[in-house]
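Shared between the two complexes below is chain A, which pairs with chain B and chain C, respectively.
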Partner chain A sequence: MTRPEARQHQLRGAVLRANPLVLLAAGLLVVPGSFAVRSLPIGLVALGAYLLAGVVLLPSLRPALGRLGVVMLASVMVVYSTWLLGGHEVDTALTAGVRVLVLALPGAVLAVYVDPSRLADELGQRLGLPARFVVATSAALQRFDQLGQTWQHLDRARRARGFGPSRNPVRTFGYAASLTFALLVSALRGATQMSIAMDARGFADAHRRTWAEPVVWTVEDSALLCLGIALAALPVILYAL
Partner chain B sequence: MSHPSASTSTTTAPGGLMAYRTIDIVTAATLGVAFGVAFWGWNQLYLLIANISVFAFPPSGGLLGGPWLIAGVVGGLVVRRPGAAVATEVIAAFVSGMLGNQWGFSVLVSGLLEGLGVELVLAVLLYRRFGLVVAMLAGACAGVFESVYEWYSYYPDWDLGYRLAHLGFFALSGALVAGLGGWVLVRGLARTGALDAFGPGREHHQRHAS
Partner chain C sequence: MTPARAALRGFGWQPLGRRAPVLTGLDLAIEPGERLLLTGPSGSGKSTILRALAGVLGASVPGEVSGAVEVDARIGLLLQNPGDAVVAARIGRDVAFGPENAAMAREEIWRRVRESLAAIGMPYALEHPTQALSGGELQRLALAGVLALEPGLLLLDEPTSMLDAANAEGVRRAVLAVVAQTGASLLVVEHHVAPWLAHVDRVVVLGADGHITADTSPQELACMDPAALAGDGVWMPGLPAPTPLDLPATLVRPRHAPLPLRAESLAVELRTRTMRGPVTTPALRGVDAELAGAAVTAFTGPSGAGKSTLAAALAGLLVPVAGRVVAPEPAWHRWRPRDRAAQVGWVPQNAEHGFLTSRVCHEVVVTANRLGVEVDVGETLEAVGLSHLADANPYQLSGGEQRRLAIVAALAHRPPVLLLDEPTVGQDRDTWAAVVGWAMSAARAGAAVGVASHDPALAAASDHEVTLERGRVAIR
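Here is the complex of A and B:
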């Protein structure tokens, strides 16, 4: 027997352990599901179900609340514009706002928990996408962290030479644009070097490829996937009734 | 030696069209990552600016959409192979979504559709033309695809006239920011030598060889 608090702890970690494909599916399935939010009650029930699932399953509510705030802003804009351009009907406008919350919130929150490398492993091994494309893309994504470092180097080098940003917003924008361009050039040169290094190790012509990490699918993943499907189907079922 | 098509951006990808080299894949993905970060930055600014534009005249929000279409245009113009535009745009959408956005995973649907818009124009021209007009058409087409998707996902209750205005604004922004802007960016990158392994880089050297 597990103690109640231990069980709770297990539940709360579920999203952290979850297979990235499950998170992706849950976040994507809600997109067609949200199209069925055609009335305020349907929208509120669907949103409530997602909020409940979030409260039970998320390890911490802090990042989710941050995302909620941003999605709310987008939702308010949709409410206002739908009211203005859709015949000044408050009910229609509020429904549109809730629909956007249902559409965006689950994915926006789940994105925090997707590990890109694990996702690449799943795409290559479980979904059988062409290994060469998956691995090369994943390798390029790995260099993401380097971007920030390169940005700092470029920024420092320019400041040291007296070409730093000024207080004038227009010139600050120009400075950011020129740094971005330099960053892009540096990233592309890095990409060229990396591809040459990969091909020198026989990447292009390999016949038999192996993977460093095995992919695992647990019962918990199946359960979470079912939950994701059920949550996305909820507005569709309510609409059909 | 002069090449008759040196100045018209018609260098096709080496080997067969589908003969992706490692550098093609890695470069498309790298562009995707870089634009994904830029998209994320634009998302933050958009939250500020869009409030103003939306409260003035909501369909004008479409005018702010162009920056999100640039990844597909640049990926397509650089790599010049079927699927490169879609891949670059989807990776950019994925990265911007991972960094946190206000649209959830629907951003992947947007990225896919925007990439397909670019891809459609390039495919009609059999991946042989990559000039300014093509780039602007591709950007506009990406804008049309995204706007129609938003009709269903965000603004199904707007009257048709307003939805068409949104589409027009989005296509215009796509043609100018993503199309013209993307084309200028690719030219600039080619000048630095960073695209020497690709069509734009070779064309740059051909232009300056004589």
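Here is the complex of A and C:
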């Protein structure tokens, strides 16, 4: 196949070639696994293992660091509230925080590397999910990046009209709410136009459709899936010991 | 592929939530292989006819259809906004979408993908990301996606209105080559008639009330009085640009003298967040430009030259990476939005992005109220022909009406500096006259006006021109 080579030449790394189902599995398997993070050492070892895998396998750490920041924020909030409500026990609070990191970080980072078209291929062809649902989802995901740009344009137009975030937190919240609403309206508009274009290309009657590209499962995919299972199982094993 | 015969008989359409129908009792037939140009003012129902023939009314667009729609072959629809048709991240896969829906075998899909992309002259490999395409390339990609289904009737909804002259010509050439090659019937909806006239067999003009006012050949159209047809807002060939509206000074006179805004070796980078992290693209480099008082300055240049970025930076809406926009302290982009709004009015390219309320009459005063400025809503709406829509929802207006509303919404508080981003794109003559009229009337009353535009008629109407090319000033 030409596809992986073309992608490899843009960015290097195993996760870029990986089957999207493997990425999805690795991100989701850790959710039950994280419940075994019952002590700080278990949590730190599990987190360390994921970080190590990330350093080795990710083509670039920049998007991962951005997501780490967001997940860290959630984690810190959990640490604080657990400490506050759980009798001021630092150890318990930190464990809860690390658990959140282990739970959310792998999925948040791996989501970046899922190609919507390939995911649709896998869900439709390999897992046999309804084609129309799968294709519509993939088309919507593909437009996701546009939302960021629309947000900027909406923000610019509002500031130009004398409205913008201010030092008053209530005002700033109201501003963000109004921007979010406008973004939704704009996204719905775009979705209507897109569905017109899609229906005109035969999507409306595509109850039985074919797929332009086959799905492939490589040895590397199997290896990555095993790694994902092993990483998710690590806290469970440590807890059992 | 057989060229399609298509017809609307006694056709009517009332969108969900509208009191009056857009079209009633319309009859229109297209013969196999015929090339038809459909034109008329904003809101006359041109796009509705196209959508009816495409079979998406009532399905993707909610509302009530009456009469009959007959199309005897597969159709291909091209929309105004090039980005709307993209369904995949790679161009090959995007073109494959139609054949996949038609449940074709894999070899047949890829044969058609390659043929379609070759027919429209796409220079990139099948793996090329759709995100990296320009507006003109995206429109040609959409055309390839349509072609892959070998349609008997091509329906084009103002396919070039969002593009600059060079890109528009490229898309037009691709369309005409395809029609010549396949013999498909063609229906083009356009405000700008001239570039298509030599290539169509028939021209139909819709009046503002949605009824056909002319149905003729291009040759006979040339003999008709263009002014009579221009009364319908149509850009007829051979007609001079419309006379900009002369607005009363009370509506546009700046409340105080404009700040002398000047870009000094200005450099701006545009940063967008994507799923894969932020992407930075340089938009302006070392730009010196001045916004003179009591004059209209046009920022011109090809797509991607940085026209819109310069307008937004002069409006204080972007943070420079180097250089600056000269304004009184503090740094221009750090001014509080309210204080800056008193100095500058900025009109976004997409009118809908600027709407803050759910009623037209509220939209006009919202910025003025924030600044404590009195605005005569009735007179303002009257001046741009929106009085009858004072209680309507801004999102339900037609494209031209939204454009006029965006102008008054951003400028009714009479700021001394006006910056407009592509204000005439895809507009009929009446809206053009209102938009350019507002800019020129304000300049005459002392305002400093900057317009980012690839519209040659607007550049001709302005006092100064700053031409940009790849983020730098080309000619002064």
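Some notes on this structure:
The rule is simple: the second predicted complex is superposed on the first by the 154 of 241 C-alpha atoms of A that agree within 3 Å, B and C clash if a C-alpha of one lies under 4 Å from a C-alpha of the other, contacts with A are read in each partner's own complex, and residues count from 1 in each chain.
In the analysis below, a residue touches a chain if its C-beta (ideal position, glycine included) is under 8 Å from a C-beta of that chain, and two chains touch if they have at least 3 such contacts.
Computed from a predicted model, the values in this text were never measured in an experiment.
When the shared chain is aligned, chain C comes close enough to touch A:S117, but chain B does not. In the overlay built on the shared chain, the residue A:Y80 is in contact with chain B alone; chain C does not reach it. In the superposition on chain A, A:W217 makes contact with neither chain B nor chain C.
Using the contact criterion defined above for the overlaid structures, shared-chain residue A:F173 touches neither chain B nor chain C, since it reaches no partner.
With both structures placed on the common chain, the touch criterion links A:F181 to chain B but leaves chain C unconnected.
In the overlay built on the shared chain, the residue A:A200 is in contact with chain C alone; chain B does not reach it. Within the superposed three-chain model, A:R159 lies in touch with chain C and out of touch with chain B [touch as defined at top].
After overlaying the two complexes on the shared chain, residue contacts for A:V70 are found with chain B alone; chain C is out of touch. By the touch criterion stated above, A:V100 is placed in contact with chain B alone, chain C being left untouched. Contacts of chain A with chain B, set against its contacts with chain C after fitting on chain A, overlap at residues 66, 111-112, 116, 139, 143-144, 185, 189-190, 192, 194-196, 198-199, 203-204.
On the side of chain B, the complex with chain A involves touching residues 20-23, 25-34, 37-38, 47, 50-51, 54-55, 58-59, 61, 87, 91, 94-95, 97-98, 100-109, 152-159, 162, 185, 188-189, 192, 194-197.
Across the interface of their complex, chain C is touched by residues 2-3, 6-7, 60, 62-63, 66, 111-112, 115-117, 135, 138-139, 142-146, 148-150, 152-154, 156-164, 166, 178, 182, 185-186, 189-190, 192-206, 208-214 of chain A. Those residues of chain A whose C-beta lies close enough to touch chain B in the complex are 24, 27-28, 30-31, 34-35, 66-67, 70-71, 73-74, 77-78, 80-82, 84-87, 89, 92-93, 95-96, 100, 103-112, 114, 116, 132-133, 136-137, 139-141, 143-144, 147, 180-181, 183-185, 187-192, 194-196, 198-199, 203-204.
Those residues of chain C lying in contact with chain A across their complex are 51, 54-56, 59-61, 75-77, 79, 81, 83-90, 92-93, 96-106, 109-110, 113, 125-127, 131, 142, 145-146, 149, 155, 272-278, 312, 315, 317, 336-338, 340-342, 344-346, 348, 350, 352-356, 366-367, 370-371, 395, 409-410.
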